[in-house]
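As written, the chains take the letters A, B, C and D, and residue 1 is the first residue of each chain.
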């Protein structure tokens, strides 16, 4: 058997991975939409979609196909260029961030080492955070270009919310970077293996603050003010229809998957099984790391749905108060405590 | 929908039609618009006992731009009629309208100076559901009837302008 | 880009205006500068229509005024006509009317808690409220055959008697009520976000509440224990023991507390009425063509939304000369701008929800 | 037993005080079905309502009712009458004031009872009665372009046109 040509290694496999990275979040989004509708229904004492396909699993597909064949309306007073580019910006910035999300340790196939990420960068974490912050441009472009009042208010709320909650996110991420001594997502997970403990258990405050801020960044309940239905109709995407609206809709869920992935990687050991260093539990390593990773992010995605099914919505001033009065001081104090303890111990 | 083209429908397009209508009929996103009494029964249909979500119709959209189905639930007055019309026009094609309740069907028990005698005077209606108000079962029956209607359409005719 | 003096138009098609209400809102960033409710999008001309109908024909139309509490409207109308025509309603019918009206009050308040929570973002509570409400709709369906607009009363009494099966069913439903209410209260009472959104929001002083003519739970939440069932009793309400819940908070949370307690008091009244149900007829002798001598009457009752009254002027024929309905929502809605002053845009929906308006009876 | 029009001492006392205050503006009083109706001259209406609110505890306006006595109401009768339902909650008393509109206009009582704001707009909309001194007298239910006033007896039920 001859070794595959470099063409395969240099071109085909990366291409395959890029396609996979495009589809993995989309598949997760479909799963997430179905999960959300079923779980919220169960919380509310209903059944949820169960007619289309087995237990309604084809429901998101039917929705997607339908929405592709919907008319695309660009109203006359809209700024056409920005109106068209906004959904794409939101969608692709959240999909692009997935390039740097590692799904597991490299797999050896003969002499070739197949890495489970598209790109590994020494500044991967910064890139992911940056990309997720870029999507807010799409939101404000969309809100502004619609030239309508509710979308504009929704977009402004969204920008303020994302900007404020970037601060606690940055501060909590710093603690992780500080312990792992790396900004590379792969190295951060490895450092948790070497350090014998998940950072979420070591620094629970960081994990909780990051998660709350992450929920706020994704504009989800109880922080779903930018699209608060009872106030702002549909928020920044009020004027969008058809496929462009689908982009916003999908990006919303992709963003949730991204935040869940980040929580898992930064605080809950990525693809590592629980208690990775306990010899008695070594058999847990037999399960592929990818599955551990999936199970963990499913837990956090479920948490999103659970919160949505339970809590009312924050008011705008309370939302800002929560960030300035609680999360930012807390994350600052937490950061100082980590630094001090690290040097004292 | 358009007039049927002459001759039989090509095989491939029939398959595509079936696929598209399958998606469309299983994913009506209703416009969250309630006018009067019937709106309460519409909400009751979304609640646990009747659960409209089983069919995938629970995503009541607040914005008409994202809705497929306009359930006119209640009395349409002359003051409200222009707004109903505008909401209909804001919805993207393909779109469907259900007149829920006797008021929307024909003005119901209000033959007065301020009530529009049937919403079909301002927008085209696909399905009429009688009742004052219709029970949730009635609303669901109307939706299933609409599903049958959508399943018999040929979206590709519109797309490829295959009508004369 | 400035947000000073931005004018927003909420409704008549808006997810949280409870039907077809339109609010013209002026905001400075998120702070409300002024707010003006515009009504009339559901004006069906009922009062004009009634002048061409006979007295019994009008009864079904009253169902469609406050369509969440249909029996309460029937009740007020029937009492007004009976007072004008001098019809004596049998004691048993009076008791059963109280049972039906109080069950309707429970179901109306359950729907209200759902809407209110939904406006504030707790979608699940909407569905809990509606799920619990179904049990009461079942009772009405078993009694009169309809779910929402049931035309449950007749002039002079009732169309049907309560049978033992139905009484047992009502008792069973009420037995499950405290648990259902606790479920909702667990989600809301001590919820930080819920408290933030409701406490200190939509305040109105007792003096202002009287001046603006507030009635019902909104007035009682301002600390004034005014309940027509207690103060000017009708239909044998004086026979029953019940408290008039009040709150001195006078904000959205206060109105929430008052309504939750009222549900329990209503259950108490129903239980008493079923325990002491007198024997006898349920329908008085009323002539088939009811002609009422010239006269006028104004009779008010305590409906779920507040003081619901009918003014009827007769002219000796079988049709009324004029009927005017005093709708609680119409008067209560007037105070919305006052309650919203200095508030934040998001508060509007919460305050509007706490008023518990129904456009059907506002616009008539 | 009181010798006033109602036979109820508290209501009679209120009526006597009103009669003393308004003087010859009181045109008459009717007691029927347990309800006291006091007919007043339109000119004295605001003062009477304010007096009842300030001195006799009738602090709540329950409702305002417009009446159309027909296009030809007869000798000495005005076409439009407005009824005011007032509450004294502490004493549990109800009183009804009636005022005939002279020239399709009446003084507004919004200055006394805020609750009268929309009620007067409603009567304006339905009957075309103007309320002098109302801050913002517009149609409330019907569209501004609507012609006619539906609750007038000569307005057809199904509208004109």
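Keep this in mind: contacts are C-beta pairs under 8 Å (C-beta built on N, C-alpha and C of every residue); 3 or more make two chains touch, one makes a residue touch a chain.
Source: prediction; values computed, not measured.
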{"item": "Taking each chain's C-alpha mean as its centre, the one farthest from chain C", "value": "A"}
{"item": "Centre-of-Cα separation between chain D and chain A, whole angstrom", "value": "64"}
{"item": "Averaged-CA centre spacing for the pair chain D and chain C, given as whole angstrom", "value": "26"}
{"item": "Chain B-chain C separation of Cα centroids, rounded to whole Å", "value": "31"}
{"item": "Cα-centroid distance, chain A relative to chain C, in whole angstrom", "value": "45"}
{"item": "Residues within chain D bordering two or more other chains", "value": "141-143, 150, 155, 157"}
{"item": "Multi-partner residues of chain B (each touching 2 or more other chains)", "value": "47-48, 62, 79, 111-114"}
{"item": "Multi-chain contact residues (two or more partners), chain C", "value": "14-15, 40, 43, 45, 48-49, 127, 131"}
{"item": "Which pairs of chains touch, using the document's own definition", "value": "A-B, A-C, B-C, B-D, C-D"}
{"item": "Contact set on chain D toward chain C in their complex", "value": "32-33, 35, 37, 59-63, 65-68, 83, 85, 89, 92, 94, 96, 113-115, 117-119, 122, 126, 139-143, 150-151, 155, 157"}
{"item": "Interface residues, chain C side, partner chain D - complex", "value": "39-40, 43, 45, 47-49, 52, 83-84, 208, 210-213, 224, 226, 231-232, 295-298, 300, 307, 309, 311, 313, 322, 324, 326, 330-331, 333-334, 363-364"}
{"item": "Of all residues in chain B, those that touch chain C in their complex", "value": "32-37, 39-41, 43-44, 46-49, 62, 64, 74-75, 77, 79-80, 83, 87, 109-115, 132-133, 135"}
{"item": "Contacting residues of chain B [partner chain D, same complex]", "value": "78-79, 111-114"}
{"item": "Chain B contact footprint on chain A (complex, rising order)", "value": "37, 41, 44-52, 56, 58-59, 61-67, 69-73, 229, 233-234, 237-242, 245"}
